[in-house]
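Note that the chains take the letters A, B, C and D in the order they are written out, and that residue 1 is the start of every chain.
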Amino acid sequence: MRIPYYPGCTLNTKAKGFDRAARQSFAALGIELAELASWNCCGATFPLSRDNLLDLAGPVRNLVSAAAEGDKLAVACSTCFNVLKRSNLVMRNEEDKREKINFFIEADYAGQVEVVHLLEVLRDEVGWDTLAKAVKKDLSALAVAPYYGCMFLRPPREMGFDNHENPQILENFIRALGAQVADYPHRAECCGNYIAAFDLDTTQEMSYLILASARKASADLIVTSCPLCQFNLDRWQQDLAMKHGGFRPIPVLYDSQLLAIALGLDVTPFDLDRHYVDPRPVLAEKGLI
Amino acid sequence: MSEDKAPITRVLIIGAGIAGIQAALDIANSGYEVVLVEREPSIGGRMLQLSETFPTLDCAQCILTPRTVEAGHHERIRLMTFSEVTGITGDIGHFTATVQRKPASVNWDVCTGCGLCQEKCPTKVTSPFDRGMGKRKAIYTLSPQAVPNKPVIDREACTWFTRGKCRLCEKVCPVHAIDYEQQASTTQVEVGAVIIATGYTLYGLENLGEYGYGQVPDVVDGLAFERLLSASGPTAGKVRRPSDGKEPKQVVFIQCAGSRAPETAMPYCSKICCMYTAKHAMLYKHRVHDGTAYIFYIDVRAAGKRYEEFYHRATEEDRVLYVRGKVARVFREGDQVVVWGSDTLSGASVEIAADMVVLAPAMIPHPETLRLAEMFGIPANEYGFLLPAEDNILPVETVRPGVFVAGAVTSPKDIPETVAQASAAAAKVLALFAQWSGVPEAMGISVGADAS
Amino acid sequence: MATQATVSVAHTATSSATPAARGTLRVDPTFLRTVETLSHENIRLCYYCLKCTAGCPTAYAMDYGPAHILKLVQLGQKDEVLRSKAIWLCVGCETCWTRCPNGISAGHVMDALKQMALREGYAPAERRVLVLHRQFLTSIRLFGRVHELSMLALYKLLSGDLFTDLDLGARMFLRGKIPILPERIRGRAKIQQLFKRQARGQG
Amino acid sequence: MKRIGVFICHCGINIAGTVDVKRVAEAIRDYPGVVLATDYMYMCSDPGQSLIRQSIKDEHLEGVVVAACSPAMHETTFRKASAQAGLNPYQTEIANIREQVSWVHQQDKEAATQKAIEHIKTIVEKVRYNESLIPLALSLVKKTLVIGGGIAGLQAAIDIASAGYPVVLVERSNRLGGHVAQLSGVYVNFDAARDLLQSKLRAVQENPRIKVFLQTEVEELGGYVGNFTARLKHTADGQITYSEQAFGAVVVATGHSLRPLAMFGEYGGGRYPDIIDALTFERMLAPDGPTGGQIRRPSDGQVPRQVVFVQCAGSRDPEHHMPYCSKICCMYTAKQAALYRQRVPDGQAYVFYIDIRSQGRDYEEFVQSAMTQHDVLYIRGKVARLYEEDGKVIAWGADTLTGKPIEVEADLVVLATAIMPAEGAVELAQRLRIATDEHGFFSEAHPKLRPVESLTAGIYLAGTAQAPKDIPETVAQASAAAAKVLSLFSQRQLVAEPTIAYVDEELCSGCGLCIPACPYQAREMHPWKHKAVVHEALCQGCGACVVACPNKACKLRNLTPGHVLAMMDAYLAEV
């Protein structure tokens, strides 16, 4: 089975491991993630105020090239997924904007592509039971805390991605891989987004709220689908350990990395060594790598 | 019952506002006689002064007139207007009430209500019915569709009574109904039960100087604003400032003027002001589209059916600006009315140079209620509201058998609650009368009939 | 917790437009209408229950919480709002819109206010955010994709905080997270054309 | 040619503000058959009605058209007025030039005036062909069915029975008392709810005229005011039996339910044991409750030291839940917080609110005392999230004055969830053929002046089934409903409108098409004449049969095809 795939800028640079793990895991499951022939940055934040149309030009160009390659577009990063899905809805539902943007980028696109996240592909195309059967390693001793952040779930009317106050897709994914779910209350709180650029204290406190809560729920590691959340959660843990005595740093993996480990793939290309909080000790201790 | 005479299946209802009228109709339509006593020359009470009613914006006259006309025409309802109950003896089943009628100076048996005397009378005085927003003649009826539509002479205003001159009304009256020598009259009425429904009036804001009521002409109270909004009011529904008759472009509405103020005025909440103020602001915007309406409030109390949606509509469709905070001072500066308020969220003091201010004063029981309470031996709380037998499960009974209460006389309430309490009081009376008159047996229904 | 600017009961910052002895606000109801049109949000529906402020991830770091900003807009305090730090701290996570009982998105209002602030020349309280966003777009304009090294370097230069996090850049570079050479994509010419057309169009 | 009088009402400025009433009167004055066309400020007032009576006498009118507001408002008033002047009431018709003309064409006065003229002409045509009719007299069963055994049903039953009429009280659960039986003390004086209820239960048990059927529901209600037939379903320990009884009136007092916790995702969606709703907390406070009046955390049975009360959980929330206010939560929360403080003196209670709605007598003082004497901490701001962590329930609220978010670690959180209609209320409404609003609360005939009557004659409403309200209001409404029943039963027999369907036997071919067309089951075949027959009592004059009848045998009194065609000609005639 072949699905057009949109990696996104960061998955080509900082989060190369996320991308490679995704491609190889899906290949192992018989799904070819075919990278779009030409794609550009998705814009990273959906333009909140309705008037500026330029921000939609970027994401729609990707949708146009996806339309040429199939009726679905799989996305790995939850932020790209949010922006592409909402831009797609604009092209599908808001006629005046559709005309302006089509004129602007000289295309004729009406939102016919279905934008899906890799987790949805696992759930709908592969199915959790088939996935469970494909798992090679025993993750039963591993407690994983799912982290959704904002982009998957909100705004609920447009994203329509799981129950926005009590999501379960990451939980089901973790259980399908055979691991335990560490339930903690801050799965959907904000990681700080770009505030680190000018207010480090705030960002650190925001990530600390999430990390400390995951630890309290005795999680061995956190799994997420967004490179920016991964960065904000992973980057400041040394400083937080100093600032908050007793806080034990906790590794933050991408969902595709955990998937690749569970499928028993060779982990070297997945940049596990490049995480600030090294995940390898706990994975080794659980006999997974 | 005192003597062995059969109890009287006739009820005395004191107060002919919507509560008294509703109770009277329920009882009269069930075949029993009603004596309906009202202080004013005609019936309708406060509701008659209203422009439109929340939450449906029905025009008050349109929904009240059928009731007043039905009560006025009902063969089993004896209307005694311009009258007061001055004494009561006996007890349940056998009350004797003394009703004193003030001199109307017009022979109502002859008068046809043609209105010529009102047209010709030269003397104009400020109209209490219009809350000082308009004038009325010395000889007057409360409104064009008054029931009964017969005038009375205000002896403090009529130049014949004050300075011995004029008598014009006597000259123009085609049926010679004017009778300056008419004296007060008293009648005795035998009844089996009593319903007290004397309603409310508004707290005098003169002693709340900070709102400028009484000093600043363009500061009026809620009922006065109702008269300005009313199609049959002094300004035919157009919003006009009392000082210069201009149309105000900025109007500030102030809630809880005298309510919820344990130290300075009444500690209790008057319940309906949040709703009628939202209505005032909406109706103002319907008439002055480019006007701005501010409402200073502490809590918005819109708890009844469709009330919250009404408050929602005021903000959404009519762009009424709600500012949460108390007003500290209202004073006049040039031809503007300056309001010093505050806003809780921003914690800032807020100043608005408005053209007009409308206050929502506390509701207090009618001054006569305390006299009635002593007369009937019913307890009243320290603010003069009559106390029902039990707050929760006996809301319309009183400690005195055969005497019931309904409407704002027990506490401030809106029209639906008043109407429900009026019918509830009627149900209690009907139950008494049915037992006394044995009506069900007469209709072939044996008591204790197997109800299966 | 990050230091919070507490709002004293007697409001301190007076709006320059209407200085009054007692820090009093003058209400200008027209500002509400302008912001409603720009943001397509019914701000007038708000009854200030503050559910948005309660759930906003960055509210405690803001000088005015989201509901507070809506109230200042309602009361017409334009300078106050366009100078505030809050509008730049909003990350667009849409939690406020998700939970608002009246369906108002404070995020959309903040976005509209950001645009208004830029268009009317108000210096953003958080200048560096603007610089970051601009660099982001420049990187796309040049390469069609985000190239972190050039973006961060330019951001450092323009935002003036050269030295904090310098080690951040270096270590990321060493770990190969940031490729030295930017990836050039074929559609670059198309993208630059879009920017030019936009520059002419909306300015 | 029938002599017809036309009276045009100004209705203050409601009509005259848009329609040029003088010009309308002139235009109608010379319309064929019209011998008088005049206007007056308020036709419904005393002078207005005497104008009609006087004109009927002076001009010997044989038909009257009143151009005013909707017939629903004053048709009976004007028909009574013309009857008092000796004219058959069914010779008087209303032309609605307010709701159908002036109120909807406020911007275009000229068009409104033209439309008013045309409108009046059509009604003049109707009156021209109207026959004089006599109302129908129907029998009246003086027995009442009260649905719902809560405080409302009990009070209505007591008031009706104490006036001598038999009552059947039907309750679907196995006990009387409804929600009041579940309460501990009631505001404002903390009286025990059980004692209040006791007096009502005793009154019901001791009155021979009240027959109570527990575990019973109304399966079906047929008939009409004065002659309802109810089919009751009794489920006694497993097996179901049915019974049928005749009633003259029905009082619906089916109470309410609470919005389930599962609906509140941001408040834990019912997954956390220490986040409960107010009724569960009330059971805890009640001496006969599961904890014997002790306040315990459901999770670990400990005494909660910090309790957070969350107001407006699902009320005043048009986007996700209910747009309306549930009216009683501010008061019961103040009571619950005060009771909590009395029983846990070193406990701290927080109430997160938007507006405090304490409007009854002594209510404001009651809440003030909760704040001062019981020092409950009231914080103005709505809670955004509730979650459990380390055995604590964390509440994310906010405070208006500082405009800042506030976090409280609580041992127990009580949600004041929105009041909803009882389960099955909408289905019951369909079975009783009465209207409900979009939420399922039963609709009253008029929100201001007829709060306890439904739009279906003979069926009355009481209590929270109509809208959220507290005990004193519920009891007052129940007695008010009783008053309406007693007024109904005070008449010897019922009078019904004669403007219903009839069958022209020469034209009826007995095809039977009209029988299934009738929504009120008011038609059947004559046993041997092989013609359709109308149940005069059941027919509501809706005209469905007229449409179904292939050979025009079925007609409506005073709205025959002749009437309709004449009216259409008038309407479409060139002005």
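Methods note: a residue touches a chain if its C-beta (ideal position, glycine included) is under 8 Å from a C-beta of that chain, and two chains touch if they have at least 3 such contacts.
Note that the structure is predicted; figures quoted are calculated from it, not measured.
J.: When the mean CA coordinate of each chain is compared with the mean CA coordinate of the whole protein, which chain is closest?
T.: D
J.: How many angstrom lie between the centres of chain C and chain D, each centre taken as the mean Cα position?
T.: 50
J.: Round to the nearest whole Å and give the separation of the Cα centres of chain A and chain B.
T.: For chain A versus chain B, the centre distance works out to 66 Å.
J.: For chain A and chain C, what's the span in angstrom between their mean Cα positions?
T.: Distance between chain centres: 24 Å.
J.: Using the touch definition from the top, which residues of chain D touch two or more other chains?
T.: 266, 316, 318, 355, 380, 400-403
J.: Considering chain A alone, which of its residues make contact with at least two other chains?
T.: Those would be 164.
J.: Among the residues of chain C, which are close enough to touch at least two other chains?
T.: 7, 9, 47-48, 67-68, 71, 95, 102
J.: Give the pairs of chains that touch; include all such pairs.
T.: A-C, A-D, B-C, B-D, C-D
J.: Can you check the complex and tell me which residues of chain C touch chain A?
T.: Touch list, chain C to chain A: 1-2, 38-40, 57-58, 61, 89, 91-95, 97-98, 105, 107-108, 110-112, 115, 126, 128-129, 132, 136, 140, 144-148, 155, 159, 161, 164, 168, 172, 175-179, 183, 185-187, 190-191, 194, 197-198, 202.
J.: Applying the document's contact rule, which stretches of chain D touch chain C when the two form their complex?
T.: Residues 266, 312, 316-321, 354-355, 380-385, 396-406 of chain D touch chain C in their complex.
J.: Chain D touches which residues of chain A in the complex?
T.: The touching residues are 163-166, 184-186, 213, 216.
J.: Hey, which residues of chain C end up touching chain D in the complex?
T.: On the chain C side, the touching residues are 4, 6-7, 9, 47-56, 59-60, 64-65, 67-68, 71, 95, 99-103.
J.: Per the contact definition, I'd like the list of chain A residues that touch chain C in the complex.
T.: For chain A paired with chain C, touching residues are 9-10, 12-14, 38-41, 44-52, 54, 57-58, 61, 104-105, 150, 153-156, 164, 189-190, 192-195, 197-202, 205-206, 235, 274.
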